[in-house]
Amino acid sequence: MEDLTAGAAPPASGIDPGRIELYRLMARLRAFEKRAYDLFLQNLVKGTSHLGLGQEAIAAAYGVAMRADDYTFCTYRGHDHTLARGVPMAPVMAELLGREGGLMGGKGGSMHLTSVAHGMMGSYAIVGAHLPIAAGAAWSAQVRGSGQVAVCFFGDGATNIGAFHEALNLAAVWRLPVVFVCENNLYMEYTPIEAVTAVKHPAADRASAYGLESILVDGNDADAMLDVARSTIGRARDGEGPSLVEAVTYRHGGHSRADPAKYRPESEVQEWFARDPVLLYRTALEAAGAPTELFTAIEADADREVDEATEIATASPRPSVSIIDRDVWSDGGSAWRN
Amino acid sequence: MEDLTAGAAPPASGIDPGRIELYRLMARLRAFEKRAYDLFLQNLVKGTSHLGLGQEAIAAAYGVAMRADDYTFCTYRGHDHTLARGVPMAPVMAELLGREGGLMGGKGGSMHLTSVAHGMMGSYAIVGAHLPIAAGAAWSAQVRGSGQVAVCFFGDGATNIGAFHEALNLAAVWRLPVVFVCENNLYMEYTPIEAVTAVKHPAADRASAYGLESILVDGNDADAMLDVARSTIGRARDGEGPSLVEAVTYRHGGHSRADPAKYRPESEVQEWFARDPVLLYRTALEAAGAPTELFTAIEADADREVDEATEIATASPRPSVSIIDRDVWSDGGSAWRN
Amino acid sequence: MAELTYRQAVAEGIAQEMERDPLVFLLGEDVADAGGAFKATVGLLERFGPERVRDTPISEEAIVGAAMGAAMTGLRPIAEIMFSDFLATCWDLIANQIAKTRYMTNGQISLPLVIRTANGAGSRFGAQHSQSLESWAMAVPGLKVVAPATPADAKGLLAGAIREPDPVIVFEHKSLYASKGEVPEGEHVEELGRALVRRAGEDVTIVALAAMVPRALDAAERLREEGVDAEVIDVRSLVPLDMSTIASSVAKTSRMFTVEENPRLCGWGAEIASIVAEGLFDDLDGPIVRITTPHVPLPAADELEDATVPSVERIVRAVLAAIG
Amino acid sequence: MAELTYRQAVAEGIAQEMERDPLVFLLGEDVADAGGAFKATVGLLERFGPERVRDTPISEEAIVGAAMGAAMTGLRPIAEIMFSDFLATCWDLIANQIAKTRYMTNGQISLPLVIRTANGAGSRFGAQHSQSLESWAMAVPGLKVVAPATPADAKGLLAGAIREPDPVIVFEHKSLYASKGEVPEGEHVEELGRALVRRAGEDVTIVALAAMVPRALDAAERLREEGVDAEVIDVRSLVPLDMSTIASSVAKTSRMFTVEENPRLCGWGAEIASIVAEGLFDDLDGPIVRITTPHVPLPAADELEDATVPSVERIVRAVLAAIG
């Protein structure tokens, strides 16, 4: 993920370069998702799409903390997580647009972003299913002795489905190198998580059910997220087993493109916008002495990168229907009879 | 369930008649399951069968504590639970033997004992599935305002399956009148539960994940079980919501008829046989002044009841194949086309 | 008659039955406050209150399990599973518990419950949100299965399903929710198990379901231009299956085509085709042709999705090739 | 050749592949210490150790989910689901995740994994432990499906499945575990996708699978006494499907019968029947007849179960009635 640290402006002296790197990544994710939203409005994005606007600190912190060969598993709300592993923007954008140059050639769509070359092992669109799958990847890393760690992101709503429970228990019993990260953005699609959950903190209050430490973190505080990311990945890498993290955050927009998010009290929305992780982090870094020009440069870079990606993606042709019958099987085809 | 308190010998003065009733029920269950085992050995029981020998105090305590219109849901290991609701022995025995006079006419078999007339809402043979179903019955009781309580029994192994988690959460959020009773007999089929579970007490250590009190009880102590049964049912009936109980116990035999249970250390088996709930309770009642004749009479009654049931069951004809096409649908038939 | 969208008709069907029978309850994810992910339950919370219209956690096993427990103890629950793809997450409850319990208990337990779910392709949602899974349900003894193609049927078949004493899965079609059509005013209930001849014809029989019905009708118009007079049958109910309507048509036309949105293998079309191949062998003048989605997961991009599911064009070509 | 039971052959097949390839792992409930609920994994723990042969909690989604995650990251896991009925508890992982991931990722992810499961009736276990569910898997694009009928195939097809680069579900038949047969000594691997003519005949083709194969063979002997020379085909592999072996036979005999243990609707027999009704219409001399379990859940009592699943007697009667 070398490209993540590259940039026009040098880091301000005296500030941990990891923090600057983290900010840069968050700014890039923000720029990308804003553009994705614009492209919705232009009706260029096909199908549905779920943005990570407002939740960037979580994906970015883990992106910075992970080793290049670690594994990411995430949900349909996975643009940020995909980019955070160093996947270039253009093929991600092209996938949202349903183009030939898409990350999966248009076959997967926004909800299934995957780039094995970057350790991005898939975005899963059925709530909870990827938790056991992530445990399996961690099991594989464990028995191969590769030192790899699997990080699995999911929403608050996923904590009430059976697969969550099965995966957490198995991971704990087998002491698997996996980090389960619950992005608690307070809502499922439209229903507040508190209306349907027996405990206040849907993940943290359940860690003890798997013999795990309860870890609750402010998901909009990038520094806190980076600490948690490093420590949980470190534990996993050192053979100390899985962690379950609950990062509290908020999505800026609706659940998906179809959702104007009218169900949220205006005061709550205001409060959380004031706690925008990108803004907060910029303020923190400025307070620590980072110069304004640094941010100007980072943001300009991000915008340019998004512009270029958009250009490439929109120039990409429509996929050829010849791929419909391809890649059901490893032989590249889909034959089921002779 | 009037018949349960009926018996030849009067209760010893000074002893809570409920305790005698409880002992009588346990003795009846014990006698039935022993006979079921004998009938296996004679190859008269068809299919598989899972005995409750050694675990009688749990089923019996709830049987005594439940109201006639309460609902029981249990597993394939459900003979005790069925009898504890007042279902007569003969049709239960006949079902084990696959006879026309069986509780389900031979269609269900040992694993699916059901008697709606007695509130015995089914024995479910796929681990975990009946927990949400029991929650649904409790929901129905709640909205109908009937004051009924659902009691759902399951094994330690069931605590690791997804349906457990989903049912507990829903029951807690909706404050349903349901009591979940985990009969922790230390083993799944052949694997010790501790080998595959992240916490020491698979149910009790997880109650907090649903905002519930942790309730751990000696499942071989009939008095303790009766207390827990009364208090948890009382809470449910009073609108105070669900409970999750872990009753620690031990099965005397193998998991199912096929299993000689060789995987258990001899010392463990000895220890638990010494803690046989029927024996323990008899000793306790004797210490409280119950005369020996009382037990002799209870046991003689139980044996006679089992003898009669066996006679009726073995005299019952084989089921007619004409019922194969019956009762898929409520119209009594199975037609799927015109 | 009133013109309604299919999604409005669903809500009307539910409202009609909730009004009539206080034991009808609705539960599912986002069904109450939000009016459903597809807005097919809008207004029900306001009308019937939070006790009868309940939001649930994302716990599909708990949703259908609760419906089952409630149905066996006196309620008539309607459980919504947001996308039919998610039936897989609670398939044990549906296929092993709900479908089998009446039989296993020798008729002691009845399960008057409905599972409603949004089925089918056309929204570019990709392979995990676009499947047509009605044949999964058809393959399980003990489940009744309907799939309405019109707003009138969305209301009428749903109402019929709610009144059924047995479990019914209602496959609503995502791509039809916005479609409009006449719906009878006042009480409207359709009996399960009756197919409809949507277009009479003499030359060939085209059997279709749900979103394939309008396509088959369009294809029939196109075929008319080619001199082929097609009869189009809307199956509507897979279980019970109205074979007599299909058989009468095939006896008349001697040629049968099925149009299925599901992937190729073991779909309802194969079942109907093999029933005809057995029972109407002597009536047939030529091969039975199944027009289906190929046996692949569904791709997401619009061009790809459109080229995968049977199109009007593909139906026309298949019929002409077979009789040509 | 050595005479082995079917369950021994399963264990041998696994051992052969674990020996050959250190990336093959086995996981499931009670598979290690206990050697499996059906004793089909006896000896593997001792031979390959607790890291490669692992007992799991009762967490079917975790079992197949873990297998999937492991398969995409370099292992070749074999997951046991104790009874095929329990596939329903992890059907989302199988049908929505494992089956679709290669396609959705445009070929980036391969899933060389095997799910082994005990399928079928005959043990008086009742409706939740006796189903024949191979057609469920056949209906899902992205899954390969085999169902061995003999000890030799139990070993050979399992070994072939383990070597496949794609997910395969192996349906072992409960009522065959105790059956004995010759199994080639040394390495034995069968390629998927090849049916076998188990008995050559001229008059009718009987297509069968798993436990129905020995019944079809017995029926063929009985039919010979009635002057009917039946060819019996063991399908072995539903996906990929060897239609050419079936087609050659039907082209020769002009009559096809399928014998399925699954309930009637939408089974593999319907699929094969409708393929034949389309592609071999002109070769057929009479209706295609499917012999199946009726569309009911399975009853538990021995007489009832025996009368539900197709018997030798029923096969004979069906053939004679159709050609008579």
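Here the chain labels run A, B, C and D in written order, and each chain numbers its own residues starting at 1.
The working rule: a residue touches a chain if its C-beta (ideal position, glycine included) is under 8 Å from a C-beta of that chain, and two chains touch if they have at least 3 such contacts.
All values reported here derive from a predicted model rather than from experimental measurement.
> Between B-D and A-D, name the chain pair that shares the greater number of C-beta pairs in contact.
Between B-D and A-D, the larger count of C-beta pairs in contact belongs to A-D.
> Most remote chain relative to subunit C, going by C-alpha centroids?
Comparing chain centres, B lies farthest from subunit C.
> Please tell me the distance, in whole Å, between the geometric centres of subunit B and subunit D computed from their C-alpha atoms.
36
> Using CA atom averages as chain centres, what separation in Å is found between subunit C and subunit D?
Centre-to-centre distance between subunit C and subunit D: 30 Å.
> Find the geometric centre of each of subunit A and subunit B from their Cα atoms only, then give the gap between the two centres in Å, rounded to an integer.
47
> As a quick test, compute the distance in whole Å between the mean CA positions of subunit A and subunit D.
Each chain's C-alpha centroid was found; their separation is 40 Å.
> Can you list the residues of subunit B that touch 2 or more other chains?
Those would be 107-108, 112, 124, 126, 129, 160-163, 166, 169, 173, 195-197, 323, 328, 334, 336.
> Would you mind listing the residues of subunit D that make contact with two or more other chains?
56-57, 59-61, 85-86, 88-89, 92, 96, 103-104, 126-128, 141-142, 239, 264-265, 295-297, 299-300
> Would you tell me which residues of subunit B are touching subunit A in their complex?
Of all residues in subunit B, those touching subunit A are 160-166, 168-169, 172-173, 195-199, 205-206, 208-212.
> Residues of subunit C touching subunit D in their complex?
Those residues of subunit C that touch subunit D are 85-86, 88-89, 91-92, 94-96, 99-100, 103-104, 126-128, 135-136, 138-142, 239, 262-271, 273-274, 276-279, 281, 284, 286-290, 295-297, 299-300.
> In the complex of these two chains, what residues of subunit B are touching subunit C?
71, 73, 103-105, 107-108, 112, 114-116, 121-122, 124, 126, 129-141, 143-144, 148, 150, 162-163, 166-167, 169-170, 173, 323, 326-332, 334-338
> Which bits of subunit C are touching subunit A when the two form their complex?
29-30, 33-34, 37, 55-61, 85-86, 88-89, 123-129, 264-265, 294-297, 299-304, 307-308
> Mind pulling up the subunit A residues that touch subunit C in the complex?
46-48, 98-99, 102, 106-112, 124-129, 157-158, 160-163, 188-191, 195-197, 263, 318-319, 321, 323-325, 328, 334, 336
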